[in-house]
Amino acid sequence: MSTRELTFAQAIREALDEEMARDERIIVLGEDVGAWGGVFRTTEGLFQKYGPERVIDTPLSEEGFVGLSVGAAMTGFHPVPEIMFGDFITLVMDQLVNQAAKMRYMTGGQIQVPLTVRATMGGGRSSGAQHSQSWHAWFAHVPGLKVVVPSTPYDAKGLLKTALREPNPVIFFEDKVMYAKVKGPVPEEEYCIPFGQADIKRAGKDVTLIAISRMIHPTLAAAEKLAAEGIEAEVIDPRTLTPLDKPTLIESVKKTGGAVIVDEGYQHFGATAELAATIAYGAFDYLDAPVERLGALDVPIPFTPVLENATIPDETKIIAAVHRVLEGRRSA
Amino acid sequence: MSGKVTKSLPLDTSTLVELYRRMVTIRRFEETIFEVYRRGWMPGLAHLSDGQEATPVGVCAALRPDDTITSTHRGHGHIIAKGGELGPMMAEVMGKVTGYCRGKGGEMHIADVSLGILGANGIVGGGLGIAAGAAFSFKRLGKGQVSVAFFGDGAVNQGIWYETANIAVLWNLPLIYVCENNQYTQFTNWRKLVAGEGLAARARAMGMQAAEVDGNDVVAVYQATLQAVERARAGEGPSTLVCHTIRYGGHHVGEPGTGYRSKEEMAEWHAKDCIVHYERLLLEKGVINPDQLENIRDTIEKQIETAVSAAREAPFPDVSEVNQHVYA
Amino acid sequence: MSAGSQISLRETEIVMPRMGLTMEEGTVIAWLKSVGEMVQAGEPLVEIETDKATVEIEAPANGILRQIVGQPGETFPIGTVIGYLTAPGEKGVALAAGTAAAPAKLEKTQVEARPTSAASQMPATLPGKVRASPAARRIARQQGVELGLVQGSGPGGRVVAWNVEQAVAQMRVSQPAGAQHVASESATKASPLAQRVAEEYGVVLQQVQGSGPGGRITRKDVERSISGQVEVPAPSQSPASLPPGFTYEPASRVQKRMAERMASSFRDAPHFYLHSEADCRSLLALRQALLPRLEERYGVHITVTDLLVKFCALTLERHPQVLSQWSGDGLLKTSEINIGIAADTPNGLLVPVIQHCDRLGLSEIARQRTELVEKARLGKLSLQELELGTFTISNLGMFKVDFFDAILNPPQAALLAVGRMKERPVAENGQLIAAQTMTLSLSVDHRVLDGVSGARFLSDLVELIETPGLALG
């Protein structure tokens, strides 16, 4: 019933804290997660509270400590390794894709891998091409993994708690810009958000806007502007890509007849493509216009702000896409 | 720590005989798989380890049942040495539902968690991270378990070895790296691929205890492993054993292994066959007599025959199983 | 992008629409709004003429008519952009006047489509194929709307859901008052594939000849219809056995329609015929006297038909029950006196209608009749000019047809068939004289009127003809 507000980072920290208190198998590993409290403050105070046995500063060896986490998950722990910049997840592909994702299946169900990999995503901070990427689509493409992309502090806490109770490998993507910049209400009471449940963040009837992670925010802002024009947009946050809540997306487009999908991953073969295909298949007879996709421009992410901003979907581009979807269709 | 072949046998008779039994079991199993493959009774590829038996047998003899191993794509020896049963192994190789992994893993991915076998792995070095993780867990769980990572000369150059080795030394993990150097990384001699003085030197440079062992001397391997295990259990950290041995077959069945290895070289190795050598030793020392040897071999033949016919008759999994076991 | 194609994404294109199955081009007749004027979606915006009809195109969206591209008198292929609407409040088109690529006039040469807005990056429309969204198709399918007859307001002229919904609403409104469109009572038997192709290409199934078993329409039949081959039928469509000396020619759409309508009229309405021979001496004298004066005063040439229209209108005012129409188990009653005049045209029989004849003076009737008949001959009648008739006059007097009984024009209950006016022997006061008479035959639908009702009407009409001065009453 309380309405205190936490930042995105604080919500994540709180989820870790609560679950670590609840389950002693949970251990946090990563670079500077312990004594320093995490580069983005997401593990602040945990080292002091739980000690070096459970909050572990690793050497700079992503493959090493994530590989170790896989083994530890198979032998009694629930490790939570942190990939400081999601771009570095490329270094641990074998551990996640060939080992963690497949252990259970390859052994005919003998093995469980309760592993939560926390990785960051998102540009917009002039961090350059190798520190700004969003790789959630890659992992949604791997059977055996679950992929979580929260957009608000409330969702982040609820979903991370679920991940920390999940007996399967989960890749949990946290947008860097949101850590400090996005604040939102987070109840004090205990709650978990199940995977596979999209959230309709704004109801509407004229067009469906689906946005992933941080993109929810410019999408909601665009929806407000569109409302002033008499266009009521429905904004949906899938929250998890695997498992994906297809029915909610499809039902919405059946109602509105058109959709715009917004994501910070690259557009070409990005997450938007799967969502667009889901809609095209499930709501085919109800589409009144082609499905629009807005991903990051298919170029390495530039350093200088004027160029970087040109590559990331924003309110203006979203509004333009909505107009294209509604062209000649008269929403009233 | 010396790695020379030892003439004294500081083990009790039953252990000595068991070492022999396990090596012969592996040898006959691999030779049988060769036949199974050639007759088209199994799909995919087979990566056989006949010739290398002494190393897995020696290592696993020094382990407790609750210690764990990770294996490689050439892992039948590791699994049998750790107690794997021939029936479910043969069935898995043939892709049957009665196999260890219900036919879903295949000959490269066999696992039996109850025996402490955390899976054979198709990625070279793929078991190293997992083994390090198990060691990490054992240290926390405090029951004195150790984790053994088997790998070959190929994995010596995989980054994961260095990353996990660094962590293992740093965090003092009960991890034992066992490198089975069977001389060839697929089709290339290891000396052309490994810079410097080899893995043992690299391990020492990282602060780890390391030993080079005659991988064909089962007792020497056993003794070296025991020392490493005792150190690990005592909280003294990780070790590396480099065991020099040979695979008689090619990289996989169908690849004869003659394109890159000379007859002379192979003849030399056959002359040092680990089972022949050990058999002679046991007979010389009076540990065993020829009749007993024959009984042992006979029993093994029967076990293998049973395993083969059972596996051949067993069903494949039902197609409806295809999307089971993805998630817990 | 060149200056000529720089278009704000807020522009709505006004496109030469596809109004009919075989329509390939249309001519701009008149813009009903001026540049800069505010337009509501659905409001008539521009008049377009095809070879069949003149129609008003409605504005596809709210906005300001920002630019007229297609000038009156110019002809364009379907799909060509002929104007632009801008959403209110928008800066507007960056089209510089004069640099805008002039829309292709229809010469018999290659025509280039106007560059469309960046938003409509669609592949070129396949010739003949209706571009419609899946939602539009679904609604059309469910509501029985022919997509090809629906004008699309979406990008590139795409038919979108609300276009079809509008069409459905209009269908419901216009259906009661004698819709022009032939609604075949029986379900047209067509294969699902044929139905799908027909829907895609906007083919009216009822107008397709089926060559499948039992006259079933197959996909090939529909495709043949699309490519216009129905007008020149393939010889392979002959029925299985031809009597010797006969060849087979499948009916054109117009022929087929007439055949169906006449057959159903004849079959469903129990006809009876009332005959009269009207003495035209007074009428002719009046016409003789009036004609030059009327021409001078009103600039029109009055014909006997015009006079008949006027007299029928007056008589119908006194006998409105003749305007009723049978409808299932009741009568549709009206007081609308819209008289159609059967006209022979190169396209076959057409019946243009003069609306509200009771409100029109003779000269106006003559003027409209002239215009309509001319339009009919040129094939330029609009849909409005062909529909909503409540009474028909058919005059074969220019031929050597003394009298004839006509089949009713469904759903009307009465029709006046006029035969030759000529000198005939007339008995008067016991004497035989020669006088100009005209034969009239009134066909009547016995479901609506009985003999006496019909007779009363005819009597009154003949009285007017024989004593035209009564028309002033």
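A, B and C label the chains in the order they appear, each numbered from 1.
Basically, a contact is a pair of C-beta atoms (placed from the backbone, for glycine too) under 8 Å apart; a residue touches a chain by one contact, two chains touch by 3 or more.
Bear in mind the structure is a predicted one, so any value in this text is a computation, not a measurement.
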_Following contacts chain by chain, what is the lowest number of steps it takes to reach chain C starting at chain B?_
2
*In terms of CA centres, which chain lies closest to the overall middle?*
A
_For this structure, I'd like the pair of chains sharing the most C-beta contacts._
A-B
*In angstrom, rounded to a whole number, how far apart do the mean CA points of chain B and chain C lie?*
90
*When the centre of a chain is set as the mean of its C-alpha atoms, what distance in Å lies between chain A and chain C?*
60
*Starting from the mean Cα coordinates of chain A and chain B, work out the distance between those two points in Å.*
41
*Of all the residues in chain A, which ones touch at least 2 other chains?*
none
*Provide the residue numbers of chain C that touch chain A in the complex, in ascending order.*
9-10, 12, 41, 60-61, 119-120, 133-138, 152-155, 158, 160-162
*Which chain B residues qualify as touching chain A in the complex?*
68, 70, 99-105, 109, 111-113, 118-119, 121-123, 126, 128-138, 140-141, 147, 159-160, 162-164, 166-167, 170, 324-328
*Where on chain A does chain C make contact in their complex?*
257, 284-289, 320, 323-324, 327-330
*Quick one: in the complex, what on chain A touches chain B?*
53, 58-59, 61, 63-77, 79, 94-95, 98-99, 103-112, 114, 143-144, 146, 167-168
